[in-house]
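Input: a single structure, listed below in structure tokens.
Should a chain be cited, it is by its letter among A, B, C, D, E and F, assigned in written order, with residues numbered from 1 in that chain.
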Amino acid sequence: MHTTEQNKAQVLVDALSYIQKFAGDMVVIKYGGSAMTNEVIKQSVLKDIAVLKSVGIKPVIVHGGGKDINSWLNKVEIKSEFKNGLRVTTKETLEVAEMVLSGKLNKGLVQHMERIGTHAVGLSGKDGNMLTVEKCLSKGEDIGYVGKITHVDTELIETLLLNGYTPIISTIGLDEKYHAYNINADDVATAIARALKASKLVFLTDIEGVLEDPSDPNTLISKINTNSAKQLFESGVIQGGMIPKLKNCIDAVQDDVKKVHILDGRMEHSLLIEIFTTSGVGTEIKK
Amino acid sequence: MHTTEQNKAQVLVDALSYIQKFAGDMVVIKYGGSAMTNEVIKQSVLKDIAVLKSVGIKPVIVHGGGKDINSWLNKVEIKSEFKNGLRVTTKETLEVAEMVLSGKLNKGLVQHMERIGTHAVGLSGKDGNMLTVEKCLSKGEDIGYVGKITHVDTELIETLLLNGYTPIISTIGLDEKYHAYNINADDVATAIARALKASKLVFLTDIEGVLEDPSDPNTLISKINTNSAKQLFESGVIQGGMIPKLKNCIDAVQDDVKKVHILDGRMEHSLLIEIFTTSGVGTEIKK
Amino acid sequence: MHTTEQNKAQVLVDALSYIQKFAGDMVVIKYGGSAMTNEVIKQSVLKDIAVLKSVGIKPVIVHGGGKDINSWLNKVEIKSEFKNGLRVTTKETLEVAEMVLSGKLNKGLVQHMERIGTHAVGLSGKDGNMLTVEKCLSKGEDIGYVGKITHVDTELIETLLLNGYTPIISTIGLDEKYHAYNINADDVATAIARALKASKLVFLTDIEGVLEDPSDPNTLISKINTNSAKQLFESGVIQGGMIPKLKNCIDAVQDDVKKVHILDGRMEHSLLIEIFTTSGVGTEIKK
Amino acid sequence: MHTTEQNKAQVLVDALSYIQKFAGDMVVIKYGGSAMTNEVIKQSVLKDIAVLKSVGIKPVIVHGGGKDINSWLNKVEIKSEFKNGLRVTTKETLEVAEMVLSGKLNKGLVQHMERIGTHAVGLSGKDGNMLTVEKCLSKGEDIGYVGKITHVDTELIETLLLNGYTPIISTIGLDEKYHAYNINADDVATAIARALKASKLVFLTDIEGVLEDPSDPNTLISKINTNSAKQLFESGVIQGGMIPKLKNCIDAVQDDVKKVHILDGRMEHSLLIEIFTTSGVGTEIKK
Amino acid sequence: MHTTEQNKAQVLVDALSYIQKFAGDMVVIKYGGSAMTNEVIKQSVLKDIAVLKSVGIKPVIVHGGGKDINSWLNKVEIKSEFKNGLRVTTKETLEVAEMVLSGKLNKGLVQHMERIGTHAVGLSGKDGNMLTVEKCLSKGEDIGYVGKITHVDTELIETLLLNGYTPIISTIGLDEKYHAYNINADDVATAIARALKASKLVFLTDIEGVLEDPSDPNTLISKINTNSAKQLFESGVIQGGMIPKLKNCIDAVQDDVKKVHILDGRMEHSLLIEIFTTSGVGTEIKK
Amino acid sequence: MHTTEQNKAQVLVDALSYIQKFAGDMVVIKYGGSAMTNEVIKQSVLKDIAVLKSVGIKPVIVHGGGKDINSWLNKVEIKSEFKNGLRVTTKETLEVAEMVLSGKLNKGLVQHMERIGTHAVGLSGKDGNMLTVEKCLSKGEDIGYVGKITHVDTELIETLLLNGYTPIISTIGLDEKYHAYNINADDVATAIARALKASKLVFLTDIEGVLEDPSDPNTLISKINTNSAKQLFESGVIQGGMIPKLKNCIDAVQDDVKKVHILDGRMEHSLLIEIFTTSGVGTEIKK
């Protein structure tokens, strides 16, 4: 009897219409949180991305790395000044951040993808002058080398995708005088998705998605459009870190990105389930 | 809980290494028997082929159609002469055969593939002068318009594959004076696989594979190489219709086709199970 | 003396300006009537098309096959219901029509073209989902599987032309649920010419062209534009089968097709004479 | 009645097999003699070449210009020294020769071809460093700037052919120090045909072809291979200017040029008759 | 010590930003005057152009040749009629002009460029039907074969540039009936620059540039835009031959050519100095 | 007077023949030592490389980083075990080395090149699985994650060069189980130059070149071939760190690399002087 194998084959057949639908599409994935720190989840997410690549989708990965940066700042005993509750990024901080982001984490992700059999290339926003930034103030105050994206040059990403490589991008950019800056990873993913006119932008987060009541996972909002998202802002439902994230989502879908997904990165295979099944997980934002 | 969906996602992940391994490979599939006449099996096989296409494999389908030809010969009351137990293919027989093969069955398969979402093109060996034949005698006797392939021009097939179309091929060829002939479908599949230097040649049949004792399915030979296949011939194990089929297999693997598979086309998804799992089904022939 | 040969050479030289003018142009040819049933005319027409191809023109052939379909319906004793004088196309009728069109006639034309030395590919509107149709009613009544074209996907035709193949197309299309329908051949030729933005659309018919007095061949209208064509409709000069044909012509020239020709397919080489000499034959319709 | 037009169409149809056979082939034509000085013949030859181009053949024209050079040397009263009966090519002679060849005749031919509707580009062996020469002595004596070809760089010719231009080449080359030299036109045509591995090399001459008895046009040798050509040399049949011409022919066919033709350029359309009919004219040399 | 070599290297480094800025740009150079007749200057200018080519700029050279034409008209004793002080260009005059321009000077420049190591192709406006003209009257009077450009077909130039060849163009064009005409070289350079949408158009002249007081080189106007140029016309500062030249400049910069330069061709390396240093020489015209 | 500018222009003209000679060539540059740590030299070297790129040469940069790695190992207080005088590369050591090499130095070089106007992409041997290694023992003893190259996949480098990017490569590779290793930078440069079949391999070092007497810079050997290099080994002239470097040189020139240069990276513009002048600096190794 081959029942088990036939069931498995049926799963592939069931995925067919999704594979056909998304073939050739670019999907930008903001990778971070537990998906980055929990080794089991990490394996699961990266394999999911490899599956996307293997069926003709073109994934672009943007990663952060806050926890590792903090742990290395501690290790080299860099003390930080704070303004408005935000750490000021000095030259020394930035140097450590870049080493952790572009040296350790970025190339570590490349190594994982290559092990899975997917050719990857680790880039930062410096490469090919991909991310141009200007200094980003916090409530008018200088918080150091923190950048806001003013331009994305997608040529290098597109060259790599065309030649079958999966770009993995760390969040360092250059200003017009070619000084380096750290950038918020959600902002980088959003800016790249918009510049590429990607089909999808996916945020892998440590929450279930957009919740009506942040304390109750059962209040997950499965689908939302830009109008109702704006109403949620006005009614004060959206709070804290979800505010900038959702604003990014709205910007993206108003600018040629077809759908944005906020997924629970803590759940194994949430990425494949979202893209290849009718069981949407997390929150989907459309125009 | 998303256990079910996670299990499905895991199936896709498990298929990853096979998808990566076979990406870009050409696979020639001889399609016939129950896989052609049983509507449930037919759906299953064509979806399997669509899955292969969707993950980057390049399938080429060759089909026969004996039963339908017989039923239409009856319908139009064409009586047949027989020589050595073989029906003589007269002009009238050939006309019906071509209408059934190239008109009804071939375009019917195209229609099925298009319904599943895979762009297909129905060809016969006449198109682009793909199959050149010479008259094939049976024990020295003329049995009419039955052809033996002398040349395969793969240019049209390769043009279509390159542009994303799945070729579906009926078994009519032309001789050097451009007269039409019917050809054995196993021979067509083998000749095309050899000319394309395809990675795999798959025969979908109505038996379990090569059996040591044809009356006992439990004596299936899972893997065999050309040397041991020749021994089976000498020891008289191979009998009847399996003789020319296995000879085709041996010719193919000696001529740049990496593997030939004789699969049980009556089993749902035997094609996907063979290619995407470790559970080989049927018989695999290698050099 | 080489007088004869020099005269022949002069003919080639005289054709030069026409060859240069039309090089690279797409010409859609509706092939039917005597040109299809009279073997001498058939040879002449197909050679004309081969000449067009050999001097850099890109011909696309659309063929009907009413007479053969009728004769095969008789052969298999399919009786037909009629509505408004039109035969209802049942599943059984359609099955025979498709076998005759796509199996017998289409591949027969391919065989002829290959014999002449021109690589051809026989397609129906199913291949590559080329022709999408919806059910076509006759005075509000369902007459079965008769389709009206709603969309032409020209990608397959263009791929074949680019690679040097001459497409020969039978008149079967699919609706949005992938059911097959028969389509009027004039409509198919017109729809394909418009979708391709072909330079010319040529109807090979069994009449001299558009006649002011249908009973008098001497009243042939050599050239006509859309305005004067509309006046002919209003004045009642256009009658019977010429009505839909001329409407197709007007639609075509208003939609990027430069010229439409209604030629007498019964006259040998009418196609070459029309395209390569100043002696226009038949009726030319321009915007 | 359209008999005349149908006869013309039949001529095109009769040419079909030749057009198909030679499509894409390169043909190098040495153009000179009466074909260059008689205005009627000139028109005929250039139109023949335009016809070749229009049906997919790639012509390359090499021209001489002895008569015009002489007349211009007289006009500017340049007196010439002679050695072994050959004019010594001084700097002044060469200057006039180049002006006549590359300025007057070459661009005049371009003008003619453009008038006929064929895009042409006039080159000399200087352009793109196409023809490299060394000084050519006559019986050991220096006769000035007369060059012998040591290398042909076909890249420019091939670039132009690929882009649809017909190259017309005058017989000036450069030595390794980039001094200019005049070259024998037969030698240039032969060297270019060999370097291009052209299908055909055609000499348009003022004789009927190779004659067994030079005084009797009825002794024309229609076909000859390299062996029998060598015998003709030995037996002393070949005389005078035919000696180097036939040696060039033999060299060419032994070096990948399929056929060489010595045609009577005084006969209208001899080029088309040779290529597009069974009536060979002149002498054909094969390996 | 390597001081000298290091200084040289520093020059290359100083040129870097200019090289990067102009890489891939088309620059049309009107070459004439002393730059053409003085052998030292000629060497200098052509090497400058070779340098431009070697660093990725695409130069297109247009040359005149008045002095040589006059000297050859004298040599062959062609007497000229004059109207409004202009020589009437008869057929005989034109024949000599074309031989000198397209045969002697044009191919002479090609020879120079090849010697320097830059692949060049010598063209006239006849080649590829590049320059279409109509008869140009002088104050309403016919002055013979003097043409005014009505159309530039840039395809041949672009094909050559794309394949790495530097086009050198003489000033002969064809009218719609394919008669040849001589054309003013400044007009040819301007028309080609406009048709190519070149980045720069450079006139190498025998003056310092635009002077406020033509008798005083110290009154050189370094930069001027179209508005102030028009004022100069109105105020009568612009006189004589500078009038049509400056009008050409204004036309060019208003039609997608970014900058026009009037350089002193008598100064060695004025071309490189203008393009690769901050020391502008001559007059620069911008929109 | 424009004397100075004319002298500068002359430098460009003098470089012309070198630029033409090396256009399109790949040059692999091992960048390290003072060229990396002295800010003035660093600027000079990177600008030299930018000049190479701007004139059509394709540079590939391989860099080490020993000093910075040591300083960061100290900073995070990683103590090292030594075997045979070599530091053992533990997981912790490797982590710091990779952060310094791929994060700090590599992306720092990219930033510099982008500032100069040259698009660069920072890679390690992990990217695109470029460098495959196996564990490298020291006299049979395990010294940790130190790798020896077994395979170079040049596809990613070639893709980037073809698209105009300059690859900058850090010395981390993966073994067949996808574990990371540090690799000697000279070995990486040599292996990449050989795999690319680069025209030149250049080592920027902190010595004058190969010296007959290492203590006397006046004994510099300017040119050497593989035979005489082997004699130097035998005679004991080559000592210390020069031994493996010169062995690399010999391997490279025997394997399709045309020339290898050992240059004094401490001298400003030694790279440009070597490539663009006759004043060779350092030692040149040829086959």
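What we mean here is this: a contact is a pair of C-beta atoms (placed from the backbone, for glycine too) under 8 Å apart; a residue touches a chain by one contact, two chains touch by 3 or more.
Values in this document were obtained by computation on a predicted structure and should not be read as measured data.
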Starting at chain A, fewest touch steps before arriving at chain E: 2
Shared interface partners, meaning chains that touch chain C and chain F: none
Chain whose average C-alpha position is farthest from chain F's own: C
Relative orientation of copies chain D and chain E, as a Cα rotation angle in degrees, nearest 5: 180
Chain C and chain E: spacing of chain centres that average the CA atoms, whole Å: 55
Length of the line joining the C-alpha centres of chain A and chain F, rounded to whole Å: 35
Averaged-CA centre spacing for the pair chain F and chain E, given as whole angstrom: 45
In chain C, residues with contacts to at least two other chains: none
Contact graph of the chains (line, ring, star, complete, other): ring
Footprint of chain C on chain B - complex, ascending: 75-76, 95, 98-104, 106-107, 110-111, 114-115, 119-124, 126-129, 155-156, 159-160, 163, 165, 172, 174, 178, 180
In the complex with chain C, residue positions of chain D that touch it: 2, 5-6, 8-17, 19-20, 23, 44, 47-48, 50-51, 54-56, 116-118, 267-270, 272-273, 276-277, 279, 281
